[in-house]
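Read from first to last, the chains carry the letters A, B, C and D; within each, the first residue is number 1.
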Amino acid sequence: MKRLEVQAFGVTFRNPILLASGTWSPRLNELYPLSMLGGLVTKTITVEPREGNPPPRIWETEHGVLNSIGLENPGIDRFIDKVLPELEQLNPIIIVSIAGSKPEEFYTLVERLNPTNVTAYEINVSCPNVTRGGIELGKDTTSLLDIARNLRELSHKPLIYKLSIVHDIDQIVPLLTPYADGFTLINSVPAMAIDLQTRRPQLGNVTGGLSGPSIKPIALYAVHKAKKLTHLPIIGCGGVSKLEDVLEFITVGASLVQVGSANFNHPLIGKELVEGLMENLI
Amino acid sequence: MKRLEVQAFGVTFRNPILLASGTWSPRLNELYPLSMLGGLVTKTITVEPREGNPPPRIWETEHGVLNSIGLENPGIDRFIDKVLPELEQLNPIIIVSIAGSKPEEFYTLVERLNPTNVTAYEINVSCPNVTRGGIELGKDTTSLLDIARNLRELSHKPLIYKLSIVHDIDQIVPLLTPYADGFTLINSVPAMAIDLQTRRPQLGNVTGGLSGPSIKPIALYAVHKAKKLTHLPIIGCGGVSKLEDVLEFITVGASLVQVGSANFNHPLIGKELVEGLMENLI
Amino acid sequence: MQYVKVKVIKNSKVAAQIFELQVEVDLGHVKPGQFVLLYPKGCLLPRPFSIGDYVDNVLTIFYKVVGKGTRELTKLQPTASIYLLGPLGNGFDIPTHHINVIAGGIGIAPFFLLKRVADDVTLVWGVKTKDEFFGLERFKGWDIHLYTEDGSHGMQGMATDCLNTISKDTILACGPIEMLNQLIDFAISNNRYVQVLVEQRMGCGIGACRGCAIRRRAGGYFHLCEDGPVFDARTIVL
Amino acid sequence: MQYVKVKVIKNSKVAAQIFELQVEVDLGHVKPGQFVLLYPKGCLLPRPFSIGDYVDNVLTIFYKVVGKGTRELTKLQPTASIYLLGPLGNGFDIPTHHINVIAGGIGIAPFFLLKRVADDVTLVWGVKTKDEFFGLERFKGWDIHLYTEDGSHGMQGMATDCLNTISKDTILACGPIEMLNQLIDFAISNNRYVQVLVEQRMGCGIGACRGCAIRRRAGGYFHLCEDGPVFDARTIVL
């Protein structure tokens, strides 16, 4: 057990397997103890509740999953009152994913969450499915740097920035490094699919984000690249669905790995990856 | 036949099927008449010959092809003397892909090619496999705009800019539109793969570009997005391997479609797509 | 809720494009209208199916072949196995008095289980053409009204043609979207309690992905896997 | 060069991890050392294989199961079919006088065809253990020297152990990279004409992708599909 431990952002993770934002629910705990995982990253939370995008919201492409959820979430008040207490029962390490459509919203979120027991923040500036405060924010380096500076002041907890492959990683990673504790790469990749019967997009919101096996080589690249640009720990995310994928991300320099849409394909995946890593150690 | 014709950039293409840069050779003509295609895009040419990157240069990922050729090419002199005369026998429409590591190289290439019979230029500012003048050029919007302005002055032929998903499409497409005749989207996506046996990258150049089925949803997105930002014709490229893929690209707004790595998988693909489109018309 | 690899007992065609799949699994207590997720080989997302019938640890699913996942299901041979998650969802709210069931096509699937718990039922089942009927013998004892669009069996027309004449009792319904939309209109204009089992693409089945949104008439969204798949027809927009 | 769907006549195991695949195809004239591309199901890139033997429109390929593509090949049943592109590449330059062949493991594959055109041949074949030998009967008439690393058959050692004692005639060789590197050293230090058949990952087989680069000793690259797969050992770096 001990040997799977990872130290990162000043936190001890019992193993490198985390579940990615938006891809798991506490009900997985009915299938296996979520406490055996390295940690859990919450669905992205915003200040106000969000309804999300019009359906259909999800579609299976040939080798990936396309989604356009649109950051549906109950908002920070309800999250702290109702959701968080339940999550805290599941795993000691809860990383809260946060997003805002204005800089002030990020500050509010951090101020509200500082007094709680959550472990760290994952700052989602890479959501492909919202018009403001999503992926565009990560492209606006001036605002982003501003937010990062202020969050560094405000935050009592590690700050992990979640980036997209469409971001200028070369520029952003060094820019944010002084104000960050780590990076998660990558969020789902902007993508779309067409229903040829109707000649309409498969998603209600027209475009979405691609995840799953299709994006693994892209995510490996992003981690490899970021690793050369920062000394901070990196969380690899994108297409992890088997033990080899985890080892590949670790090989390119990831300290921790997040498992996302593979949870839909095989809900025991988190457990099996931890078990696989343990056997791999022997 | 007539009804498959496409008018774009002032050129008449007998059908919308082109073969993508770097993925076909004149030897395909031994298998079917390349003249039946809409046109051919050459391997990217640079002023000086280039050796390309260290091997291994190609690898099959789970659902894509990863390459790092590094723009190996014979250079413009040899291209004009030896390669072009052969290509001109194959199809009336030859689009020459060009790249440079300095702005002047683009100008030289266009000046050298202007007097030839080639149909158009595809300006490759999106190669993931070279250190200078590749994908980074597409990120440097100031230089890019400068090059585009000058090329517009210099060129006697249509100028088609080939972009990457990691480019800021929102910004580049409107910026280049006044100086361009069209866009090709997308080039292969920066990516990498690991050999777990050796813990080394699968490619000699460490990173490469991902093509094939994995990137189709990403390419559809890019075309859809660019279409909203310009009135110029768009060439869709990325993961086309069957008739449905062609129709999907056309549905999101592509005027023409390029077939790339599918040529490796099934060398008759170009022919079969044209035949499929003809049957589809009936 | 369980996630288990289940053994296939039977998988055979019972009507045009429709298969009956039987697997061995202990699901505990299940309600008509609940569903399970199956994980076909080569699919990245699971596929939802109504619990068709369930007795003595044998789960029956009736599925129509429409795409990649259901095509893959047809390949399952007896003794093969497949992962299953369930039971999921709320199921029908079953009144103790007389019930009207309206089913369109494969929308009949959830009502085989209803037969085990309710006797006083009027079943109206419409299909395009008579090849699409199956398992009718299982409904023996119910008051059965069959419709075919082409008139090849029973009355010519649609299941919803019965709406003018049907009793005032609760309606339970499942079928294609056009039929459900008619029922929603009917429920609203007559302020009737009609329970509809609706479909939506799903990612997880357990409230994680927020993919299964169903438009709420009052604004916002329900989630099929948490709030459905059975809804009061007056409360949703399809 | 042809690209055709060919019928499988035979596909059976002939040694540890090694299969013999026979397909029906008219390739015209072929030379030992030339290769074909096979297009296994589910693979995006074709897989190159030496022409093992070719007579009466029957092409034989000997392949070792090492990964996804070759695993897929083992599934081919007689009467199944698979796309093939070929013949490709330059093949060996075959002298009319005595020839020395050095083969390591599955590197024996291209020499079955040589047997049809050359009689005065010394064959040195090394493998790890005796289970890896196959088709020895086909080389009857040649001067054969067998090596196993574990000494389970023939001499104990490697095929390259013969280099001290081998005649001054042309060497044709194919085998794992370590063996080829020894031969390259040998050829350079003794300035000997050694023809080596090398491997490299390929995309297209026809000069399109520029994927199959082989480092040239004089600088720059050869391309396996255009300039090879057989090279003068003195001219390359592996």
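What we mean here is this: a contact is a pair of C-beta atoms (placed from the backbone, for glycine too) under 8 Å apart; a residue touches a chain by one contact, two chains touch by 3 or more.
Note that the structure is a prediction, hence the values are computed from the model and not measured.
Participant: What is the shortest path, in steps, from subunit A to subunit B when you may only step between chains that touch?
Facilitator: Between subunit A and subunit B, the shortest chain-hopping route counts 1.
Participant: Look at all chain centres (mean of CA atoms) and spot the one farthest from the centre of subunit C.
Facilitator: Relative to subunit C, the chain with the farthest C-alpha centre is D.
Participant: Roughly how far is subunit C from subunit D, centre to centre by C-alpha average, rounded to an integer in Å?
Facilitator: So the centroids are 59 Å from each other.
Participant: Distance-wise, how many Å sit between the C-alpha centres of subunit B and subunit D, to the nearest whole number?
Facilitator: About 35 Å separates the centre of subunit B from that of subunit D.
Participant: Can you compute the centre-to-centre distance for subunit B and subunit C, using the mean CA position of each chain? Integer Å is fine.
Facilitator: Going by mean C-alpha positions, subunit B sits 48 Å from subunit C.
Participant: Counting only residues that touch at least 2 other chains, which ones in subunit C make the list?
Facilitator: Residues of subunit C never touch two or more of the other chains.
Participant: Mark out which residues of subunit A touch at least two other chains, giving numbers and ranges.
Facilitator: 63-64, 213
Participant: What kind of graph do the touching chains make: line, ring, star, complete, other?
Facilitator: Contact map by chain: line.
Participant: Strictly by the criterion at the top, what is the full list of touching chain pairs?
Facilitator: A-B, A-C, B-D
Participant: Give the list of subunit A residues in touch with subunit B in this complex.
Facilitator: 61-64, 66, 139, 165-166, 168, 189-194, 196, 199, 206-207, 210, 213-218, 220-222, 224-225, 244, 247-248, 251-252
Participant: Across the complex, what residues on subunit D touch subunit B?
Facilitator: 1-3, 39, 43-46, 68, 83, 85, 200-204, 206-215, 220-221
Participant: In the complex, go through subunit B and note every residue touching subunit D.
Facilitator: For subunit B paired with subunit D, touching residues are 22-25, 27-28, 30-31, 43, 51-60, 63-65, 67, 69, 72, 212-213, 261, 263-268.
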